[in-house]
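Every chain is named by a letter (A, B and C) in the order it is written, and numbering of its residues begins at 1.
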């Protein structure tokens, strides 16, 4: 061809470009050494937390009557806000009749490891201006949180046991509650009822996310962790008069189903903190890996140093629409500062995740865990 | 929530029983007493407003209404507005407005009552939003009650509704959606009245059955609400103008 | 002092701005009439002042008040039309306007008349090249929009409208945060298919549009092949020709400056392509050419 073809580029305003071609917008930013959020590649957002004074156990709870929140947390990360509230329930454990006395025998098999840990049942809701059934994202998040809490061993099963006290009313009409772990061993009341039945608390977490602008698992996890750390379990007791009342509710042949009439009542004034396994307390961080597209780079001036542009970059704390739309390889690490990794997930998308990146992400996650732990 | 079958959420063991608190003990009752006293006085509350805190919607407002006499008596409400968004189906020359209400932490209000609140608010704002400006679209208002005060009952519907009306107006202003007036609501005992045009027009009236004000003339109640409305409106306008000037 | 010359502080919704008309300068021979017409962010409402009902302009959004003097046209119908374009919604005001106009004609033609369009807008946004105030700038007839091709068939191309020319779409209908991006798995899709019977669930994410084959180009309309004009994923600059039906706007690219502005080769797999003439685009790295109905770069 004798005549060179003239290419005339089309220009858009940055906001419009971000909308119509988020990947290109992202690449242009990267070629300047920045991210669209103006953070550096390995920079995290700051996290602010508070307990929101929502829990009924807290000193200055703003809602006293009718409150059944045991622990709470409000986490703000950038513009995103996560509100977690922990509520509870009581469930009766099925205890085999024989093993009543030795129920603390160590389950030695590894397969039984999970059975030593307590569970939390989370429901995540992400506000995005919709009503109706939970979205895929919400369901995935809830399930992931559930699995991670269980397998991390954060809550020892013992921490959820209810040590049921007994309320006795004396002749003057004054009632007092005696808890098994508080009473002196000398005048231990022999309650046949205590040794036979076993209850434990179940914990529910309601996690509400506002102004989502990035992957949420890490934010939800951290918020849930803070909320659990602030959780206080109420002391529970039964009324003395009802302990030995039993009513058969169905009779077939010689076997009867017996139901007790008593009800476990919680004491609104006495709380014990939920004891978490401190060694298993880990914090989550996420990373994205993005390949730099040589075609999309901004043209450099001729006198610029021809630096070697790395093939791909590791981005900490993915945020914003253009990042989320262009990053498809992600790494998620849940670890504590000592490198006790509780959860690791790498999703290989269009960009290759190298060993160095995995090492670097774990290193950064440990540093961040140290920082987040200080806020607890 | 404890015992319904729902395969989309993780619900926990089926035989779990909710915690039952012993409400007969003394210290709680004291709190209740003090709450009772302060919640009767209306208009004596401090309002904290912030807007634009939800970034994935078009406009939002955060309202903290706190009683001056009792710090524990407060309502926290987050309002976000989505839209105008395209609507499907038949051509509609006007925008469709919908209001959704949700409790974020505790769930104390019955579903039926929530529906009533939503209908009430939709009616109020159908009269207020300049719907003709937005053809073929829908505007969705999402109210998230983060906390409600502990009044004489477990929750106080009147103060929640008042906060809702004020919160929605502020969110509309934040979204830049045309509204005919800075609508606000005033509360008196268990009645809520929403006004526009400086109190000359009533756009909504909510009355709960209560003994306290049943003997009073309805016009008197509206007048009393108006006093509260005027202070609320003044606060909101002051906030908007100050906020605007600060951003310039 | 006339209302348009006054200095207004920040206007808030419901603030009274001015009456619909006022009397201006008066000499022996004529009486000047100043008329105020509501524009964006302003509406006219009936108010009761001292027991007397009157119409007045009030602000409907937060922002600064502006008065724009309109050059009066001789034929009143023309004026009506131009106003109509400015503000579709205020048809009621238009009627009112028409009535007054007739009355005025009866009075006599020598009276000079000034017309001001009153608008309230956020000055922060007005100064920018790109206003994010999509809420008050829904696509309407004549608007230039940027749209992405979502589906093609032999008769038409389906698009989703991403932005008005130099105006972004509201934040809440984006790709990642609320929509169905790659890493935002099915944020929208599950909710869309499993909706409850609420008004909000009937709402889609982005405004949709259709470009019919006959609206692709101005010449040789019968031989248009959609396949040779657009591909899914292309960004197209188009003009709204009608509000269409309930779900789709009707768009056209039948102008030199309209058409594909942004495309990737091989249905999105390749690199960016640039237009070399009105129906060919080339990928500079590979040299491959594909046919499109391109917009003349602006």
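Heads up, the rule we're going with is that a residue touches a chain if its C-beta (ideal position, glycine included) is under 8 Å from a C-beta of that chain, and two chains touch if they have at least 3 such contacts.
The structure presented is a predicted model; accordingly, all values stated were derived computationally and were not measured.
Taken as a contact graph, with one node per protein chain and an edge wherever two chains touch, the assembly is complete, since every chain touches every other chain. Once CA atoms are averaged chain by chain and compared with the all-protein CA average, the nearest chain turns out to be B.
If you average the Cα atoms of subunit A and of subunit B, the two centres end up 30 Å apart.
Averaged C-alpha coordinates put the centre of subunit A at 44 Å from the centre of subunit C.
Taking each chain's centre as the average of its CA atoms, subunit B and subunit C sit 33 Å apart.
Contacts with at least two other chains are made by residues 128-129, 131, 133-134, 212-213 of subunit A. Shared contact sites, meaning residues of subunit C that touch two or more other chains, fall at 172, 174, 177-178, 198, 200.
In subunit B, the residues touching two or more other chains are 55-57, 82-83, 85, 100, 140. The touching residues of subunit C, when paired with subunit A in their complex, are 129-130, 132, 146, 148, 162-163, 166, 168-169, 172, 174-178, 181-191, 194-196, 198, 200-201, 235, 261-262, 271-272, 274-276, 282, 284-285, 295, 297-298. Residues 52, 54, 60-69, 72, 79, 81, 83, 85, 87-92, 119, 121-123, 127-129, 131, 133-134, 139, 142-143, 146, 202, 204, 206, 208, 210-213, 234, 236, 263-269 of subunit A are the ones touching subunit B in the complex. By the touch criterion stated above, subunit C contacts subunit B in their complex at residues 9-10, 12-14, 41, 43, 45, 47-48, 58, 60-63, 88-91, 122-124, 133, 135-136, 138, 170-174, 177-178, 198-200, 202-208, 243-247.
Interface residues of subunit B, counted against subunit A in their complex, comprise 1-2, 8-13, 15-23, 25, 27-28, 31-32, 35, 53-57, 71-74, 78, 80, 82-83, 85, 100, 104-106, 108, 140, 142, 144, 146-150, 154-155.
Contact residues of subunit A toward subunit C in the complex are 5, 7-10, 13-16, 19-22, 24, 126, 128-137, 140, 212-215, 295-296, 318, 320-322, 324-325, 327-328, 330, 349.
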